[in-house]
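One structure is given below, represented as structure tokens, and several questions about it will come after.
Naming follows writing order (A, B, C and D), and every chain is counted from residue 1.
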Amino acid sequence: MATVGKSDWNFCSDNVAPVAPEILAAMGQANQGNISSYGEDPWTEALTQDLRRIFEKPDLIAFPVATGTAANALAVSTMVPPYGGIICTEDAHINTDECGAPEFFSGGAKLLSVPSPDSRLSPAQITARVQAAREHGVHVVQPHAVSITQSTEWGAVYGLDQLRAIGDVAASHKLGLHMDGARFANALVHIGCSPAEMTWKAGMTSLSFGATKNGAMAAEAVIFFNPAQARGFAERRKRAAHLWSKQRFMSAQLLAYLKDDLWLRNARHANAVAQIFAHGLAAIPGVRLLHEVQANEAFVVLPEGVVAALEGEGFGFYRWHADTAPGEVAIRLVTSYASAPEAAQALVSAAARFGNR
Amino acid sequence: MATVGKSDWNFCSDNVAPVAPEILAAMGQANQGNISSYGEDPWTEALTQDLRRIFEKPDLIAFPVATGTAANALAVSTMVPPYGGIICTEDAHINTDECGAPEFFSGGAKLLSVPSPDSRLSPAQITARVQAAREHGVHVVQPHAVSITQSTEWGAVYGLDQLRAIGDVAASHKLGLHMDGARFANALVHIGCSPAEMTWKAGMTSLSFGATKNGAMAAEAVIFFNPAQARGFAERRKRAAHLWSKQRFMSAQLLAYLKDDLWLRNARHANAVAQIFAHGLAAIPGVRLLHEVQANEAFVVLPEGVVAALEGEGFGFYRWHADTAPGEVAIRLVTSYASAPEAAQALVSAAARFGNR
Amino acid sequence: MATVGKSDWNFCSDNVAPVAPEILAAMGQANQGNISSYGEDPWTEALTQDLRRIFEKPDLIAFPVATGTAANALAVSTMVPPYGGIICTEDAHINTDECGAPEFFSGGAKLLSVPSPDSRLSPAQITARVQAAREHGVHVVQPHAVSITQSTEWGAVYGLDQLRAIGDVAASHKLGLHMDGARFANALVHIGCSPAEMTWKAGMTSLSFGATKNGAMAAEAVIFFNPAQARGFAERRKRAAHLWSKQRFMSAQLLAYLKDDLWLRNARHANAVAQIFAHGLAAIPGVRLLHEVQANEAFVVLPEGVVAALEGEGFGFYRWHADTAPGEVAIRLVTSYASAPEAAQALVSAAARFGNR
Amino acid sequence: MATVGKSDWNFCSDNVAPVAPEILAAMGQANQGNISSYGEDPWTEALTQDLRRIFEKPDLIAFPVATGTAANALAVSTMVPPYGGIICTEDAHINTDECGAPEFFSGGAKLLSVPSPDSRLSPAQITARVQAAREHGVHVVQPHAVSITQSTEWGAVYGLDQLRAIGDVAASHKLGLHMDGARFANALVHIGCSPAEMTWKAGMTSLSFGATKNGAMAAEAVIFFNPAQARGFAERRKRAAHLWSKQRFMSAQLLAYLKDDLWLRNARHANAVAQIFAHGLAAIPGVRLLHEVQANEAFVVLPEGVVAALEGEGFGFYRWHADTAPGEVAIRLVTSYASAPEAAQALVSAAARFGNR
């Protein structure tokens, strides 16, 4: 295992990974000559065509941006007025990890967050929140949109039935529905459905189609399935300084990401490595999973001594906030397209070893 | 001249150019293993050290971002409260080409623009604007900062004396002073001074240090020369979604840009090609320069027939708004590090040929 | 003239006046018992009915607010997205005297100002501004609305033909059209037309219907002539803290303002007193009007010594920025419903006396 | 009891009350002659002096505004940057009843709300929230201020010890501390302490000093106890359109409110009437108070049939969200300076009568 070094032992996040070789190569191939700037280039045009084909939606509109936070914040800002609200879970990335970007981009819209153990939102929570607001009229912030994360911040994957139920309830209250798909591919290959089924066929208005966590350098696409609902997005992106002059290099990443199913292959790899954690760690006495591992994240509760020993050994991961018993610690392990199965296995073996002491 | 094709004839902007090979190579070299994300990487740390050395300011703080608009808007938003104003010229990029990004990032601050033929601001204009506002107190938006562009949107370069005079007047009115350096290197090599002389020694508070137009893919650095004045910048950048998770690839661009004076060599090349336009076109009867060519932009007035013929031949450039006589048209020609001198010469020769018809 | 004291010599603004007795009395009459708050009261309902009758528009929607700046800023914020622009004159109140309120309420929209000697905007200026923006697409702030002031900040009154021409050009470019009617009544009685003719029949989308400068304490109404265009206004007003809990006292002011044509009588009085200035001062050698006096403001150029002598005598007015010859000073004189004709005559007489020295 | 009619039976809120006669009279007395506008008047100056005396703080700065929402939103926007957060309770008025005004005025700051049964915040909750945020750096919104309500939205009154403990913990984390004093007087007379003890001596940075709910028409004062911390407030108020031109009429309200302890007498009356509810209703079998009645609000749980009967009889109050058993309903009863004790007694008697059926 000579090639598996400390760098491979880093499971802090899927964004610690390098760029997938196919994607870096594509950026090099795009580096030919002078080309019209600001998205007036063949790569950007081709990307839209590819996404329309893959999502089976010939009129969708897509806007590449460099970061997941940009994708989310721009998407929701297009869907909610400054005086409106966005229903999401308390642990939603937009609520906890974007330093207020949705509030900023929307001009001060309010995140109306509700609790959820695995960060999946339920239709009943949406309805309850809407009804409570409707009763009080102009005094309270009225919900205008819902944002869900697939897979969620706790590694859970909404089933198609769950998505459709949310889509129905959102439509019934005339709410836009946004999916934060920072780990879209990981959820998709878990379910094994089509991109269309997991999005517009289930009622999504817009999607943050993530690629950075799954092999790109800095590239996501915001997709609106109904072009009329994207009104103002182009202006918002420019005004937020997220339109590159050399935009071809962003689109080239996404084209390579989609080519030959690289995105699906990468996600399958990451999910498979996460299963090494799921099965290996759960088998250790005194260790348990906080949630079923469905995508590429494992949340695991271990004895504090084991966690400390793993850290001392050089494994990289975050301790995570969760209700645990005294002497226990929850950790988050995230795998990526680049994760070495041997490194995951090494962590499992070390944990078993430390657990047996 | 077989290698000079239509792509080389594109003088629309310096951002139509590809990425400098040295910079692309550096990005590839950064693509090794898992690395801490969000700027906690060695490249970002090394970049700060390099900038401190180059600017002879051991305590400056630098924040890489992907676009010039992000650099400008984030810089001014840190320098002016939402209820304040920023003095700039009418043709300033922040006023005309950023879709309101400074207003967005600042929470609604107002650009207080004044006319200038070559987009250089004068100390007297700053003072006049401040005095008019101070008289009316709370009813009018009070200036809190000044933003100048070096080289300007009309290709002019402020001399050191001019910069120092602006620095003095800004300080005397307690105004922050920002320099939009999208073409910083082009101005610097024109003057032949040190980066320190052109910035903090002349009174600049902050600098948008551009690299994208001079060879990078998507990389600029916002520099605050006094760290106390950068308060809140890190939060603003994150919140504006301009902190990359794989930030190493942004910092790697800038490191390569600075290495072995690549940035200065690239700028000298671009400026030299612009001189081909300056001398070649000015020598044609009926053709004149709108302004002296000092950096990498030439604004030229030609007979309309000549302009149309050049366009028909396949040369790329923009017609520009300027007061011209009937039958005349102003155009903008921009050169980059990648501009082929042969292509510039070809345009000059064609213009001469068309002019003689 | 014993009753005309120094307080009556104050022509600084029409907002230095007290509250019209009829309006103050109406507020007292509204002070009866407990009443539903936040606009769910009979006065507010009656006000809407009155405005619908007076404007001959049975479906208009009206929102009372306490200040003219609130009226203007809320109106334009409803008509333009954060990334859009509002065409107005350089001297428009929204551009110069509201401390950036339109930018704040709109979330950073940009005021696209054009010069005008008497602050009247021309259809050609609107078209030019729109065309320049449309050419540059997403890079520049696109106009979404026009705002004009009737009567203007220089006391000029748009004729009906001028208003209709602006209405036509705004409609042709799909721009909303807002009228700042802080001195609406003064303009209306000058023209002698109906409120409908001066507003929606000429193409206005919305109106800031001023009352404070013409006798109210703190009351204006924002009127949308097409209810669909008021979408979100109620939320914006609440969120901007401009919905009073004891809203009846705002509506009661406006009801009294409209009752028995008080508003028209007050405006006629103010305009008539302004004519004392117009005729009296213009007749003095060495004194001239900057603009024809049409409403209740006179802009007059006098020898500096005369101005200083008037100030020394205790007359109140502002020196105004205008291009004047050396030794001359421009002043602004504003009359209100409460202005004493004797006081205006006293100023004229004093000026004549000082001018003859 | 002929004078107690249906209007007196309205206990929906203290803002359904009319204006106290003393205050209305003072507004009439201020209606004399032309006076400098925008707060440059003797009433506004006198108000500052009165507040400095009453709060025993000779350098405090006060800004009158018309609504409680304006007071709160302007205060917190001065205390927190757009990228910062404000710790408050989930039921805080700023979080639930201002349609997002704090978010709007602050440019998108985030309300970091924590649960509390009676809407009192604890020092431990503040510390926990700060520590959780500090750990995650730039990714999460960092708390910059705390806002508490005295008396709270559930009618509870913080004791001086509790206030001082919050003041200490806020200072230790370098957080500003704002008090929403919409019902300041009601809390003050309950405690029986001095205004200074309940505010700056306990660590408050700023106070929304309410008057509207206690007898004024539309008047509150934002007070900063340290003038340096009010930086930018004047500009923010103007820009938010909350500076009246005829500001004397706002200041006159507050002067009359403070004169001869009217504010304290009014609050004592309201609190005393609330005690009629507290004692009278609690004595009815099957009825209980949700919280001790300390100020002028009673939250009471009654059998649903009794509530419906009271509504049918014509009593005015709101059903309130609370965890109640099946067949029970919680209601809120609010008393004001103008509440008739006979009306409160009538409600109690009716409830007893209906309860006995």
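As a convention for this text, a contact is a pair of C-beta atoms (placed from the backbone, for glycine too) under 8 Å apart; a residue touches a chain by one contact, two chains touch by 3 or more.
Note that this is a predicted model, so its numbers are computed, not measured.
Chemist: Going by residue numbers, if over half of the contact pairs line up, that's a repeat, so tell me which of B-C, A-C or C-D repeats B-D.
Modeler: Residue-number overlap above half with B-D among B-C, A-C or C-D: A-C.
Chemist: So using the touch definition from the top, which pair is joined by more C-beta contacts, A-D or A-B?
Modeler: A-B
Chemist: How many angstrom lie between the CA centroids of subunit A and subunit D, rounded to a whole number?
Modeler: Subunit A and subunit D have C-alpha centres separated by 42 Å.
Chemist: Centre to centre, by mean C-alpha position, how many angstrom separate subunit A and subunit C?
Modeler: For subunit A versus subunit C, the centre distance works out to 51 Å.
Chemist: Can you work out the whole-Å distance between the CA centroids of subunit A and subunit B?
Modeler: Subunit A and subunit B have C-alpha centres separated by 35 Å.
Chemist: Which subunit B residues sit where two or more other chains touch them?
Modeler: Correct list: 82-83, 98-100, 104, 107-108, 138-139, 235, 238-239, 243.
Chemist: Touching subunit B in the complex: which residues of subunit A?
Modeler: Counting only subunit A, the residues touching subunit B are 5, 7-8, 10, 12-13, 15-19, 24, 27-28, 31-37, 65-70, 73-74, 98-101, 104-105, 212-213, 217-218, 235, 238-246, 249-250, 316, 338.
Chemist: Note which residues of subunit A are touching subunit D in the complex, please.
Modeler: Against subunit D, the touching part of subunit A is residues 82-83, 85, 96-100, 103-104, 106-111, 132, 136, 138-141, 321.
Chemist: In the complex formed with subunit B, which residues of subunit D make contact?
Modeler: Within the complex, subunit D contacts subunit B at residues 38, 81-84, 107-108, 138-139, 142, 232, 234-239, 243.
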